[in-house]
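Heads up, there are several structures right after this.
In what follows, chain A forms one complex with chain B and a second complex with chain C.
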Partner chain A sequence: MPIPLNVLDTRREAREERGPAVPPTEDVREKVFELEAKGEWLVQRVPDPWIGVTTKYGRIKKIPIARTWHHKSCGQCGHIPGYSTAIFWLIRKLGLDYNDPKDQTSCTAWNYYASATSNQGAQAAVAMRNFGAAYESGYFPMIHCGTSYGHYKEVREELVHSAPLRDEVRRICDKLGKPFVMPEEIVHYSEWIYAMRDEFAKRRVLDLSSIDVTVHPACHYHKLVVEDAIYDPDVYGGQRTAVVSSVVTALGANVKDYSTWFDCCGFGFRHILVQRDFTRSFATLRKIDVMREEANPDVVLTHDTGCVTTLDQSQFAARAHKPNVGIPVMSEAQFAALAMGAHPYRVCQLHWHSTEYRPLLEKMGIDWRERWREFEDDLERLKKDDKAYLTWEDADA
Partner chain B sequence: MPETVLVIGGGPAGLEAARAIATIGGKALLVERRAVLGGTPDESNYAALTPRMGSAQEALDVLRAGVVDPNIDVRVETTVTGCSGSVGDFAVTLTGPAGETKEHVGAIVVATGFQHFDPGRETQMYGYYEYPDVITLPDAEKMLSEHRFVRPSTGEPPRNVAFIQCVGSRDRRLGNEYCSKVCCGVASKEAIEIRRLLPDTKVYIFYIDMRMYGYWENEIYWPAQEQYNVTYIRGIVTEIVGKDGRLLMKGEDTTMGRPLEVLMDMIVLSVGMEPSRGTRDVAGILGIEQNKYGFIATPGEPMDPVSTNVPGIYVAGAAAGPKDLEDTVGMAGAAAMRAVGAVRGLARSEAAVTR
Partner chain C sequence: MVLQARYADVPIEEKQRLFDQVKADERFESYLYGCYECGICVAACPSARFYDFSPRKIAQAASREDLPMFYEQLNDDIWNCSQCFSCTRCPRGNNPGGLITIMREVSINNGLTSAKNALEGYGRVVYKIMSTGTQVSPDMLQPNAFPDWGPHVQEISDNLALWRRALPPDTMHTTSTAWEVDDKTLTELYLIWHMTGVLDMIKQVDTGLHMILNDVMEELLEEAGFTPE
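Showing the complex of A and B:
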């Protein structure tokens, strides 16, 4: 009997016939609402309109379309500012309301994951302090940083399951004058990008059909509180998170597979601080080299701060003895913005990236020389004018 | 008072329960969801039975022949869709090809079995829905029943094959903390069959610890190593990815205490047991308790492994948890005795009161 070539389709059909499986983990959101009913805290609802997306075990997660409070990333703002600018540019392009707060604090999770400094109460208090600030603004928190996002979800689990911790953090929030409030969902920006990908596709101005992309899923997105990450049966059979890959496909570019997709980018939190050579070696030998050998992509897309910086900047070190490295790295937000006509320097700020990206821009149909000339003109104007920085009006001028 | 016992499920447990009921002079009404009798061993194309390698179909034929009896009313393509009443007189609704019918039965034996764990829910990254050459024990069983063990992606025989044990079993993160009992033996049996069929193929079994119950140790485990050169490696496989058209298996060799990365042509996931959809549905319809894993609860254990929490309703086989065939058939006989005993005992009591 011949082996059917549609073996994977057959398996998926059989899976549907088995009926819905009971998720192996509890739905912590139910507990969040139970605690609200007991008067333990407030729950900030996802504002209408929202989009329902499917998470790992088939539950629906609400992703707000607008009225979002943007919890920015220390590393993005410090190292790759075009990352967050691209997110805001996309929101503005869709004409959506958002809040870019000035009073957000760092989540401090890098310390926690790198060296276990700080303590449980302090960690949870920082999270709840930021949630309280978002609630006061009337906007719903959207987390730019994968680490903050993963950490806040772990904090949510701790708070839900520990009454003493809730009491401790409630007292701290009282002292800070912040409401004790838990959002209905904890949302990463890449989930919003995923939810809005068809809107971006409608506004795409570049033909990306010749662009090959490898995707690095961020560990702190899909390995922490795994049941809350987005999965889609049509993306790698529902076996890998669908964020980023689905955006690439929606924009008309090609997702290319490679065998070390599950590996960390090399950042490793502790390693990047105390054993940076390990980070550099891992990023280039386990990730970039393998991508080059197996997929030869035009660009690597990912969705977290540490991943972009590590995969990008490690190549600089490796280039000294390995001329074969040199795959540009950026976030899917920057890639989507470029596809929609965003300026590569004013908005995406690719000059902050260390790996050569200009051949990619050429292949995407972007005249980088002309765009760079415009950017240099901007700088000259800034020198002459009283203006200290470019504005949104400049970005699309 | 109806003397008939309703047996739900036409797999090994249900067939044996119905046969046993008729043997001791009772009447059985056997309902089966599928068009054929045989249950999971038939539906999943079991080839050779563990450990003695006897033909699964021949064994099922014996069980099927046992229900050809004027005291057994067999209804296929029929499910139970409603139930009321109590021991001695349950009113059940059956839905079949002719539509809905109402029947009155004195007792019920639930024999709705298990289903194989869906490896797409595994928290490890095994890629069952990504890579055609990642298969499960029942997938391998189907190929072995056809005497053709090849890579689904190419149709070529594999140069090497790895079994990964405890997929969906003994996993706290999944909530399946139990051992599924049979997978170690079945994997070892299939490994022997592959080695017999493809003597040049290397076969590996990656395990947490091998659990060979009773005589399986001597009948399967040692022959697999000593006669068929199957290699057992104590290790944890965490991830399978595609590489150069093959499967790169990553994990840890826990004996050596070091990471491993090995290229394989095929990987067989030793999927464990979970309650079948029928078991879950029937539990709701009959109002019987399920344990934390969804199997039918048997509160009288260990001395009474077949009574449910509802008087007059009994359970047999893997509907009550992981079971091998020997346990299943033995349990079916016990459930049959209890069910007939409940009906007759009640009848005797009522007769005594009338007198």
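Showing the complex of A and C:
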């Protein structure tokens, strides 16, 4: 059964009566600036203009609008390329400046959480190398992957509280010739999407009022360094992160509740690669089945690499014994792009997804047959070497 | 006690040595504040639903310094954890998932057989991330690697190079890495692995992989004028 919202209303009333509370956690960003004042590192400022959003305990977080350095996700770029492409497309659609770097490695945290074949120093050095590269470019880091975002926030906490770790990593950055820089904020792309949702809504070209959505909040977004995630009292009474859900509402679609929203997707880091019986079982039994039973959505939207992969890919094998599966899965970036008229194949690259998505496109008013024919024509031109690559101009042709 | 009868042949001194390594990690103190035994972590834990696994027991054993149970967990439990950190919902502020991260590191550093078993089949992933800087690459999408993901994996595999060319972002036309990574960037990453002892960790669990990684890294590092320490 869905969580009764009157409970949340009661909590909200109690909170309003009580007045603003002192956040139970320190504001690590203050420590970041203190360390800068002591000459320990540089702090890369969020570039103007930025938008202030509210985090879990009422603090304001700055989200840069433009001049962003895109810390890409290996899982998104590798296996769900329409995810990354849709993020870039949204930025371009708003005419904003960005940097898609080659001087970037993965955060390597997927491997760390899966195999532990790394350590605190190495993980912090990888983070600071990437932050140094962003600083050198003059653009501000925006993290595409939920795990990279959560892990980098852990790394920030560890560096702030450990002088020996700072010394170790500073020495490494010196050897690499990279500046030792901590960004003023650690920003996930879904926070930018949240901050810009009204801009997307203005540019929406599809009527989504008949589209029901269930949202899976990504664990490493809201369970690691929890105080830094975005919350809004108007979204589930401030009891769940507001990213994704607010975007769905702004775009005119319907957020549907389900009881296992807090559960992880079943990704497991190690499990998704070498022990997928667990991943499949959890994804279908605790997430997809429950969503179908309680909300019967047209689509599942989430905001992280592993969640899209797990929830989407796990449904195929489950079809053998579970007729209840079959809900398409994508990121809110892809969904927002579709709503704004992005091509489902040239931009959102839905042919890389597993679970049947075409009925959803039809319900959204997208002629997927015609769009696929266009994409097949693109592929023919590429095959004939008429052109080397599909370009951004082709994507919007 | 039946549970603690396992690994009774391992000397208590060895269990103490490994526990001391976990406790010596500077994160340990901020991951453990005592345990109410309320079970909120277990209710939130995905692995607890499908394995004989309990984040509460992890926090309990660590706080009581229950060495026999700790050693059993080190060998039989920690690799079941999903590392989702749902257990951080703990009202005491414990982080059982974080404790497990430390325990896994200790397990790798000491080359425990259970760690080698848990990572069997995982070597190609370690190779990919350490040698290319991106963990997941398009060419990993092969039907023999992901048979349970359905026939579309075959379709992706058959069309891989062409479909990658049909991506508008300039950095994503690659097939063996998730995006195009500069050689200089890779050199810097290799230096990080060397300088932080990660290659030594790999050696503890997979000597063959360690040798291959060393060879791959050596060339680029030498070209860039670095001599690995």
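The criterion applied here is as follows: the second predicted complex is superposed on the first by the 381 of 397 C-alpha atoms of A that agree within 3 Å, B and C clash if a C-alpha of one lies under 4 Å from a C-alpha of the other, contacts with A are read in each partner's own complex, and residues count from 1 in each chain.
The rule we apply is simple: a contact is a pair of C-beta atoms (placed from the backbone, for glycine too) under 8 Å apart; a residue touches a chain by one contact, two chains touch by 3 or more.
Predicted, not measured: the structure shown is a model, and the values here were computed from it.
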Between chain B (first) and chain C (second), which does A:K363 come into contact with in this model arrangement: first, second, both, or neither? neither
Looking at the overlay, does A:K256 come into contact with chain B only (first), chain C only (second), both, or neither? neither
Just chain B (first), just chain C (second), both, or neither: which does A:V22 touch? first
Contacts for A:T108 in the overlay, against chain B (first) and chain C (second): which applies, first, second, both or neither? second
Could you look at A:F269 and tell me whether it touches chain B, chain C, both or neither (first, second, both, neither)? second
Residues of chain A touched: more by chain B or chain C? C
Tell me which partner A:R170 touches in the superposition: chain B (first), chain C (second), both or neither. neither
Contacts for A:V226 in the overlay, against chain B (first) and chain C (second): which applies, first, second, both or neither? both
Common interface positions of chain A, toward chain B and toward chain C: 226, 262
Taking the complex as given, what residues does chain C use to touch chain A? 25-27, 30, 44, 46-47, 49-51, 79, 82-86, 88-89, 101, 104-105, 107-108, 115, 118-122, 125-126, 129-130, 133-138, 140-141, 146, 148-150, 152, 155-156, 159, 162-173, 177-182, 184-186, 188-189, 191-193, 195-198, 201-202, 205
So in the complex, the part of chain A that touches chain C is made up of which residues? 72-79, 81, 84-85, 88-89, 100-106, 108, 110-122, 125-126, 129, 133, 150, 158, 161-162, 164-165, 168, 171-172, 175-176, 178, 219-220, 223-224, 226, 262-264, 266-271, 273-274, 276, 278, 280-282, 286, 313, 316-317, 346-347, 349, 351-354, 375, 378-379, 382-383, 388-392, 394-395
Contacting residues of chain B [partner chain A, same complex]: 115, 118, 120-121, 123, 125-130, 132, 146, 148, 150, 152, 155, 173-176, 239, 241-244, 248, 277, 280, 294
Using the touch definition from the top, list the residues of chain A that touch chain B in their complex. 1-4, 7-8, 11-12, 15, 18-19, 21-22, 24-25, 57, 226, 233, 236-240, 257, 259-262, 294
